[in-house]
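In what comes next, subunit A is part of two complexes: it sits with subunit B in the first one and with subunit C in the second one.
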Partner chain A sequence: MVSSSLLAAQPGRRKTMTADRILPYVLIAPAVIVATIIAVIPLIYDVWLSLQDWYLLRQPTPVWGGLKNFRTLIYDVSLWSAFWRTWVWTLGTVAVEIVLALPIALLLNRDTLVARVASALILLPWVMPFIVLGYGWQFLLDSQVGTVHFMLRALGIAGDSSVLNDPTLAFTVIIFISGWKGTPFLVLALIAAMKAIPDELYEAAEVDGASAVTRFMHVTLPAIQNTMLIIALVLGILAFYSFDLAWIMTKGGPQSATTILGIKMYNAIFNDLRPAYAAAISVVMLVVLAIASALSLRLRRAEA
Partner chain B sequence: MASVELDGIGKRYGSLSVIEGLNLDVRDGELLILVGPSGCGKSTLLRIIAGLESISGGELRIGGRLVNEMAPRDRNIAMVFQSYALYPHKTVAQNMGFSLMLAKRPKAEIERKVKEAADILNLGGLLDRYPKQLSGGQRQRVAMGRAIVRDPEVFLFDEPLSNLDAKLRVQMRAEIKALHERLGTTMIYVTHDQVEAMTMADRIVVLNRGHIEQVGAPLELYDRPANLFVADFIGSPSMNLMPGRVEDDGFRLDGGGIVPLPSGLLPTGRELVLGIRPQHLLPAADDAPAALPVRVLLQEPTGDETFVEFAFGSDHIRAVFRERVVIGSGESFSLAFDPARLHVFDKASGERLSANN
Partner chain C sequence: MSRRANPRHEAFLDWVTAIAVFLLLSPIAWVFLASVRPDRDIMSASLVPTSVTFVHFLSLFQRTDFMIALANSLVVGIVVALLTVAIAVPASYSISRFRYVGRDVMAALILGTQMLPGVAVMVPIVVIVRSLGLTNTLTALIFIHLALGLPIAVWMLRGYIDSVPRELEEAAMIDGTGQIGAMLRITFPLIRPAVVAVGTFAFVLSWGEYLMALALISKTEVKTLPLALQTLFDPYSFSWGEVMAGGVVIALPTIVLFLMFRNQLVGGLTSGGVKG
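Entry: the complex of A and B
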């Protein structure tokens, strides 16, 4: 009885099985198509472009150049200084983010109305576009009308002209602003991680004789360090390929003090008219980021 | 080792008073259990003793020292939490030695004390594990180990067994009791489980809405509950409590039934509550004079006992029989009892009347 009904069901079953097999592909198709269009195709094009020889002033279409761009890149001294500058920029941005976010998160990690309102307000820099923030800060740092400029001058940091005119100070200030913008994101992530720590752990530590600092070091920090690392990695990647803030505020100057790789790439296309060379730079950045991410994630896993 | 004295302790949250004027002496070396329904203030009281909650009024002394304003770490107490509160990123050994490490004791001493505690608790092979690699019972033991290592004057337990399964709970109950006998340290233990309280305690404190209903040895509470609350709270299933008054023919229940009583046993006319434990009701022999005519409502055989619910007038009476009885629902039945096992309470005040027993 059972077997005969099974046999009878065969044709129908085959049809359902085919449908069952196709359905998953249908369901993931939209995501795959979108990802292909916005990520995979541009990536392939980028790698292909980096292997072309294309100087727009000389020829309107790219010709095969092999590793020519990469050879040029190795001997490009200004590119290398931009490369190291970008590392300073990236690590500096993340450092500012951690230094600002940790105390803010600790302050806001309580269930009061003020803390809730403040946690929402603190998001403002994060949701505002760089173009707005960039011009806003430029205004604040302006030597004629900028409030922050006057404060910096009172502190003896800035002279009569804006800090944005001094190579070192400009770079420092823009790193700070870059970190300041990323801070809210880290704050929210840290608050979420801190909320997950049970109160009893703090009480147990208190009974065990831990001071506030010891409780932070032995209870809070270990519980949030994973979140901190992952978010810092994301923010670091964002900083590594950023372009807009430095471009808006100083156009990579004064001299080339704020020329990070993003700006270098922009210049390669729009000033030097060498899109293939810019593509080669972006391929190198991609490889560097991939290695850095893989290393830090592996480090984390080895520790855990 | 130390005694703990609570003298007029009060606790307010804003205008809400949860504990008021509470007096309690915990004797040196005793295992005292605070028990009561949820929200009765037992955990708050324990946390006050630990120093995790501030005191709104009264004085708290540990070993004769006034500790009202003292930080938890200076009170020389150790606490075992309901969730165990083990540090997840520290090994068992680091968890247990944390307090000594903070006290900057020499490494050799920490190692020795951790090892001693681990031996007591059978944790020897687990010292390098992390809490997440342990079972519930092992975590619970690590939490106790962390307390033992500190060599405190007072141990505080906050419902330490409620996250364990029933079998493990029975085992850990015995282990904690054995630990108390071995260390001889004062222990204050909070639970909502009266079986834990009855089996482990030297003395039990029954708390209700922030005040003490009764303090006494477990059997004292069972045999002579001081009031209706304790009578109802201690014992499982809980005591049958039936309001009524004494009349010429016996005790007339508000529910309509009449309980035959020897005359002169209780004052006539007064509003009383009669209590009898389900275990003290027996099937009556046919000719027994002092029997309750009841009707069977529900039977629950558990194998070694039979729970039966009876209707008596409009009252419900529960009985637990050791023997297996075969009776059908709705059938008439006759219950006998020993008048000496009766508990009598004043209805208005809820206090026990000590006249007869």
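Entry: the complex of A and C
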């Protein structure tokens, strides 16, 4: 707290001192108010709501229910299957992202024209709205007109009906699409990490006669490991909170095969008309995520 | 990686790169392609386009529900962009230029909202908006969309303001301009490209936003484009070409503006924000 403004220390400006002291608060206030209204208040309200008894068909005005929702939640079999499904979805999405991003980042981290143009275009799936990608993929997987469907049928994976009609295949395919969308973000982060590796390390490895694979395993991988872990964690959080893709493509079906927690929550409020129960689900999601993030960060620190 | 490049080796890797990126982007290219192919072309499922047509776009632009949605999305996007800039510029200036009690906490609060997924706050927001009687209004949507671009805007602008030397402002202030005058006359013009970039970014994020629009809006008069596209798709008889044309209308601003501001965005994405 050296001074509250550039000129606060100057003599002869005492009158404006108070104004100068308030100015930074005035400037930041609108942003703080917006963040409070959109994030802080909803989160607090969410916790309060989860403790209410509020079921529009039976209990149309909310009354205090204590831990009622959480007790219901523990015995909700379909919620539990959505919970485990969300973990498969999350880990699957991140796995696809790492598997796709690592080789692409290696390819793009070269100083050629093709690599530069490719790096410029690679971000497109990441910035493209879900609605466009969802319907685009639905078109590609359509049993009558879909190019990807024909390929899958030729490979014997899909039958005459689209893979989106088969519970297991639909879930697998949408996980892949979810990973595909997130890949560019990981690619960019990995390239940035790779650029930070000093050339000397590679030169030393080459002098020692290390092959390309050995150099990757012993120079590149250790250097990008941390970035990969942090970005994977961020992408994992986003995947855990997915809704759009699975909803747009299959509405959680077929036979609730793609009903992840986000969809479960949406259904709880809009179809079952149980807003308090939906709030309880989102509180549980927040807690689970906080624990998972803390654990994986601790794990990382233990490793380092 | 191989810095002392072997040209033949590099040429081979260039081919692999080109094929990999082509495969990665082909689903998006397919949407664009389908939007200009005649229906019989699409139905015959041939890979080779026989002719280019704009009938899908024409029939799309003759649908009133789609045009209403287009107008709504434009209104929401533009207002969100302007408000984001109007809120983010002073906030980032405050964080960059002053030291005061609570600054770091408030900065963390603003930037922290970036990490908060929409699904996490959907339920309370729906209930709050309902109890305020603002369901099916663009006002509620605009306000909520502010959360999409604001954190990253503050984060990026702060970096740009940091790079404007204080001495420039001090010189102006000695000449008799106040602090705000110095900000408006000296710093703001220097960071104008970044301001345009973050405004654009806010617009694009709002333009494609689906979850909150879905949760808050059900009436045709206030639907935004992603919801209108859904309406196109839902009935049993629909034209793939028309749906894909609708997808292109939603995708196009994203692509154009993304290519224009790619460098600023990549910098901002990799340093601070993560919202997809």
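Annotations
The working rule: the second predicted complex is superposed on the first by the 269 of 304 C-alpha atoms of A that agree within 3 Å, B and C clash if a C-alpha of one lies under 4 Å from a C-alpha of the other, contacts with A are read in each partner's own complex, and residues count from 1 in each chain.
Everything that follows uses one rule, which is that contacts are C-beta pairs under 8 Å (C-beta built on N, C-alpha and C of every residue); 3 or more make two chains touch, one makes a residue touch a chain.
These numbers were taken from a predicted model, which means no experiment stands behind them.
Subunit B and subunit C, once both complexes are superposed via subunit A, fit side by side. In the superposition on chain A, contact of A:Gly65 is made with neither subunit B nor subunit C. Of the two partner chains, neither subunit B nor subunit C is touched by A:Gly92. By the document's definition of touching, neither partner reaches A:Gly179: not subunit B, not subunit C. In the superposed model, A:Ile28 makes contact with subunit C only, not with subunit B. The three-chain arrangement built by superposing both structures on chain A places subunit B and subunit C 90° apart around the Cα centre of subunit A, to the nearest 10. In the superposition on chain A, A:Gly252 makes contact with neither subunit B nor subunit C.
Contacts of A:Val40 after superposition: subunit C is touched, whereas subunit B is not reached. When both complexes are overlaid on chain A, the residue A:Gly209 reaches subunit B alone and has no touch with subunit C. When both complexes are overlaid on chain A, the residue A:Gly236 reaches neither subunit B nor subunit C. Touching more residues of subunit A than its counterpart among subunit B and subunit C is C.
Minimum Cα separation between subunit B and subunit C in the superposed model: 7 Å.
No residue of subunit A lies in contact with both subunit B in one complex and subunit C in the other. Looking at the complex, you find that subunit B touches subunit A at residues 50-52, 71-73, 77-79, 81-83, 85-90, 98-99, 102-103, 146, 150. On subunit A, the positions that touch subunit C within their shared complex are 1-7, 16, 20-21, 23-28, 30-32, 34-43, 45-46, 49, 100, 103-104, 106-112, 114-115, 118, 120-133, 135-137, 139-140, 142, 144-147, 150, 180-183, 185, 188-189, 192, 194, 199, 202, 212, 215-216, 220, 234, 237-238, 241-244, 247-248, 262, 265-266, 269-270, 275, 278-279, 281-282, 285-286. Within the complex, the subunit C residues that touch subunit A are 1-3, 5, 10, 13-14, 16-18, 20-21, 24-25, 27-28, 30-31, 34, 42-43, 45, 47, 86-88, 90-91, 93-95, 97-103, 106, 109-110, 112-113, 115-128, 143-144, 146-147, 150-151, 154, 166, 169-170, 173, 178-180, 204, 207-211, 214-215, 226, 229-230, 233, 240, 243-244, 247, 250-251, 254-255, 258-259, 262, 265-266, 269-270, 274, 276. Remark: subunit A residues 198, 200-201, 203-210, 214, 218-219, 222-223 touch subunit B in the complex.
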